[in-house]
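Going in written order, the chains are labelled A, B, C and D, and every chain counts its residues from 1.
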Amino acid sequence: MQINNEFKPKIVAFCCNWCSYAGADLAGNNRLAYPECVNIIRVPCSCRVNPIFILRAFQRGADGVIICGCHPGDCHYTSGNYYTRRRMALLFSMLNYLGIEKERIRLEWVSAAEGAKFAATMNEFTEAVTALGENKRLEDLRCKK
Amino acid sequence: MSKEMENLKSEIIRSSGVNPKKCMRCGKCTGTCPAFDEMEYHPHQFVYMVESGDIEPLLNSKSLYKCLTCFACVDRCPRGVEPAKLVEAVRLSVIRKQGANHLKADDIPALLDDEMPQQAIVSALRKYSK
Amino acid sequence: MQRIGVFVCWCGSNIAGTVDVEKVSEALKNEPGVVFSTNYQYMCSQAGQDIIKDAIAEHKLTGIVVCSCSPRMHEATFRKTAAAAGLNSYMVEIANIREQCSWVHKDMQSGTEKAIILGKAAVAKVNLNAPLTPGESPVTKRALVIGGGIAGIQTALDIAEAGFPVDIVEKKPTIGGKMAQLDKTFPTLDCAACILTPKMVDVAQNDKIRIFSYSEVEEIGGFVGNFTVKIKKKARYVKEDVCTGCGICTEKCPQKKVPNEFNMGMDNRRAVYIPFAQAVPKVATIDPNYCTMLKTGKCGVCAKVCTAGAIDYTQKDEIIEEKYGAIVAATGFNPISMDKFDEFAYNQSKDVITSLEFERLTNAAGPTAGKLLRPSDGKHPHTIVFVQCVGSRCDACAEKGKEYCSKICCMYTAKHAMLTRDKYPDTDVYVFYIDVRTPGKAFDEFYRRAVEEYGVHYIKGMVGKVSPEGDKLMVRASDLLANKQLNIAADLVVLAAAIEPDKSARPLATMLTASMDTNDFFTEAHPKLRPVESPTAGVFLSGTCQGPKDIPETVSQASAAAAKVIGLLAKDKLMGNPCVAQSNELMCNGCSSCERVCPYGAITYADKEFRMPDRTVAIRRVAMVNEAVCQGCGACTVACPSGAMDLKGFATSQIIAEVDAICK
Amino acid sequence: MQKITCESLIEKACELIENGTVSRVIGWKKGEFDYDLTPAVFANADEIKKNFIYNDFSGANFSKYLIKETRKGEGKVLVFLKPCDTYSFNQLLTEHRFDREKVYAVGIPCEGMADIAKVKAAVGDGILKITSEGDELIVENLYGDVNKVKLADVLAERCVNCKSKKHTAYDELMGEDGEILDNNRFDEVEKLENMTEDERFAFWQNELSRCIRCNACRDVCPACTCEKCVFDNPKSGVENKAIADSFEEKMFHIIRAFHVAGRCTDCGECSRVCPQNIPLHLLNRKFIKDINTFYGEYQAGEVEGSRAPLVNYTEEDIEPNDAVKREE
């Protein structure tokens, strides 16, 4: 058994209150397992997620960040996720341009009914991040303890 | 659908620029077609048969050469499907395959009669000759 | 520094089965700010809540963290608990260690570790929480209904019934709308006027309802509970309170050649007119485009014949300003123009008519006194062709017609066909359809009756061309099932024209800051769960302005909108959601980025004076958030480059604290 | 075309200040060397005649200065705007950053500005004096050498890839207006995009690790005009003055570029002032290029009042995950 030496990533998931957070709850209700390393932060809408939060998470040692919101057109606030989509498209592209592994950051639309999708997404994302290994390119060494 | 038909279908769709999936089967094209009586397969059937890949009968049908290319169906289709362009594309695929010249300019005078509209002659030459 | 209490719930074995709750409460004890930490079997139970209340009192807690189920489940519960113990409800944070931890993880050790991290994040957030008080704003107990058709009438009646004053603004001289023009209604075939006009009378007689007819909304300001609206009462050149509606002027007016819009222009009215006999208010109106007196100053017949002395040629448009707590949009629909559909010869032949014109032709108060006669020669038509889906279900790129299904045409066409066959059995009636769509109570039965009992010829296929030949209309169509082309010599062709939102809806939406879809239908706050509310708080939707609807559907939506309005007006004060955006004036650039992303129009700007470091005063444009309108999405906080915009309850510093706690 | 000279600008400035049209003039003043001109505010004709300089190094974009200057005192401020400056000018107007009524803008044509680094690369260091003659610069150095170099050979990168010689805003135009130009400004970005992830990382690691966090790029940027910058605000989550290790400066530059995304007019001031010669414009241009490909061509500052792409959307926008994929 090598489990103890295995790399366990740290993943921050920003979930909008109305769809994705509820989707995560549904995954819980249905006991659909996903890795412990996924930690959810509740935000009112995916458009509340500032790129600063994402970079801060990476700086502080997160290995992957995923943003989840309502499907386009279903935003509780009618247009919030459309802004998220533009902001994240540009941010993801920029991080990629700087040579950051694009698999470390992702955006998924998860509705309140998609508990299974939430769990599957988290499993898949964790797997992808685990395959990449530790986040070295975006980490701030001073934050390491 | 055979591989060959599938290729043909995608070629027809590509060269015509028509998306037969947009058809809602209202039949306005056929309802409007002035060459209806001459045609074995009618405009709506062209759309449906291309979409379902049932193109073989179209290739062998005289209907291809009966379409006047008047574009009434194109103009009136509520869904913007443009059946005449599809007919044209099927016809082209036949002509390309055969490489034959079905109408020579010299043959035209013999075919002329008083009732034939100018447009029909022009489009016939476009359609039947290479 | 906060004094934080942590309460870890076992949720029986739901949490305790995978998470070592003892360890969690022990670990969180050492977090900054935490002065008390405990765990209990069921925190949401009365006993559990008492533990929280006691701890708040005993340890003088300023904030609490409950590690339990999802906040979507019990956040409200624990907020009430905190409030009962004298703690601000917004000093409560929930760490979701059930749905997002114990239920999805199997391993006790890693489950416990994660629960501790989630707890730490919640503690980090509470450390930065500040007590929030929901903003309060008073409610003006008066509603405005824009549009006086059946939707507006029903909404106004229901609101008035509950005891609240309502104003109806109608741009035409009378209320009644499209329904007043209809002959019979499907599927019961009762007469539209017989069921509508009593309602119109109810409106007129209800002392809670004021009708601003021949009026338009000019300007809307304010927000939910506190709208200020300017209404333009157009000059009708007749004193509304003096006119008795006797109608003498409308008989004596020498200007007889004015197309009668109520009869779809199929006959004429005078320059002074009352649209129809049961108009409400029953007051004459002078049409300034046709009145000789108003145009040339010579005539004055109506003033001479009016015994009441109601005519006033000097009347001017009047602006009325009124305050409202809620606004209902009920602007209705119109059939689309047939100008782009040359193939149906609508503009070439008088005998090609739209369905609404057909309604007038069969109506006893219509141009033919209810006899079905051809507009061209007044002869009885023997072959009638109905064409469905004219301009509905068109491709977006086709540039004519609408993409959507107009929903009502299948049923009214069945009605027309059936009524025609009923009254004139010698008539051949053809209906060309693409699909017959009849979902609705007793709808399909109705359609089947038209076919089976009345012998209407339903033909699957579309009409391609209508060409007038002599006194006939040659209809060329396809019969798809028989794979035939038909040529029918018809006497009358009736087009089921698509319906579109009234043109006034778009400018109204702009005034309301309410959103619209690409077809200019108002967007609902939620397509399933909030179908009669606009995303803009305090604005409600009634009838076809939201989407195509038949009368029963319109009426039920109208009543639903009324119920929502009553619910709003019944409150003395509106308690806002305190988690709203907040602008820091000192940091605001006034750049308008936030305003542009705000879906609610909650952000306004003001020029404010600021003292500069060199003691001069500079005037700067700064953003201000209207807390009653803001819904707290946070789009503005990210759009703001300087970070002047923050969201209470989900502040930048709080989210960063959570990020840090998780990533530590 | 009439070449704008220092004298003609001085004459114009004096005329406007003397006839009372304006009360102050923003212009260039001599620095320590001929090539490091400093922006300055002149309040009277004497000062202007004495100190106002306009030469091949008058690159500074004055739009940003209008925010503070228009808040001071009475009267209008005269500003000279090169075509690229007018874009920033418009963008600031779009964002309501200054009162248009308080500005008198004179558009001046521009044939491109010289980059001192390129001059030095061409003729060596120790430069004492640079004068301009026709399309050449005459460079005198410490050692008494006089070298000639063609302006075209030492143009700043942003001028080589000049996007427009057309003024988008002015009250008065000196000389003739130019056209929007075709340019190759995205070539460099594309080159980077075509590298592998590791190569890109190495490239930026090399560039950005030189950052000394002097904030010059931010301070000069006409889009970075916040009353309080997030990097100065302890609550923002990115406040950090020190350069400590590999990530800090990346975070700074990503956020800085993101904050101006859709608002950056690509004026190139950031790269001009960077003491470490970091090609910061490549970050901004990446955003501009992405915006153009994802959301349609958009040039910030071209039209006053236009809606920036990041405060706009369509229902069919590209998905972020695909935005990254398409580059493979």
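Heads up, the rule we're going with is that a contact is a pair of C-beta atoms (placed from the backbone, for glycine too) under 8 Å apart; a residue touches a chain by one contact, two chains touch by 3 or more.
Note that the structure is a prediction, hence the values are computed from the model and not measured.
Colleague: Please report the minimal path length, in steps, between chain A and chain C on the chain touch graph.
Modeller: Tracing touching chains, the least step count from chain A to chain C comes to 1.
Colleague: With contacts defined as at the top, give the pair, C-D or B-C, that has more of them.
Modeller: B-C
Colleague: Between chain B and chain C, what distance separates the C-alpha centroids? Give it in angstrom.
Modeller: So the centroids are 47 Å from each other.
Colleague: What is the distance, in whole Å, between the centres of chain A and chain B, each centre taken as the mean of its C-alpha atoms?
Modeller: That gives a centre separation of 53 Å.
Colleague: Would you kindly tell me how far, in whole Å, the mean C-alpha position of chain D lies from that of chain B?
Modeller: The separation of the two C-alpha centroids amounts to 59 Å.
Colleague: Name the residues of chain C that each touch 2 or more other chains.
Modeller: 597, 639, 652, 656
Colleague: In chain B, which residues are in touch with two or more of the other chains?
Modeller: Expected reply: no residues.
Colleague: Among the residues of chain D, which are close enough to touch at least two other chains?
Modeller: Residues 230, 236-237, 310-312 of chain D each touch two or more of the other chains.
Colleague: By the document's touch rule, what are all the touching chain pairs in this structure?
Modeller: All chain pairs meeting the touch criterion are A-C, A-D, B-C, C-D.
Colleague: Inside the complex, what are the residues of chain C that reach chain A?
Modeller: Contact set of chain C toward chain A: 70-73, 96, 98-101, 103-107, 110-111, 113-114, 117-118, 121, 515, 523, 525-526, 535, 579, 597, 599, 631-635, 637-639, 647, 650, 652, 655-656, 658-660, 662-664.
Colleague: Considering the complex alone, what residue numbers of chain A touch chain D?
Modeller: So the residues of chain A in touch with chain D come to 50-53, 55-56, 58-59, 72-73, 79, 82-83, 85-102, 106-108, 137-142.
Colleague: Inside the complex, what are the residues of chain D that reach chain C?
Modeller: For chain D paired with chain C, touching residues are 71-72, 94-97, 225-230, 233, 235-237, 259-260, 263, 307-308, 310-312.
Colleague: For the complex, give me every residue of chain C touching chain B.
Modeller: Chain C residues touching chain B: 343, 389, 391, 393-395, 397-398, 401, 432, 434, 460-465, 476-480, 483, 485-486.
Colleague: Going by the contact rule set out above, which residues of chain C touch chain D in the complex?
Modeller: Against chain D, the touching part of chain C is residues 586-593, 596-597, 605, 612, 616, 618-621, 639, 641-644, 652-653, 656.
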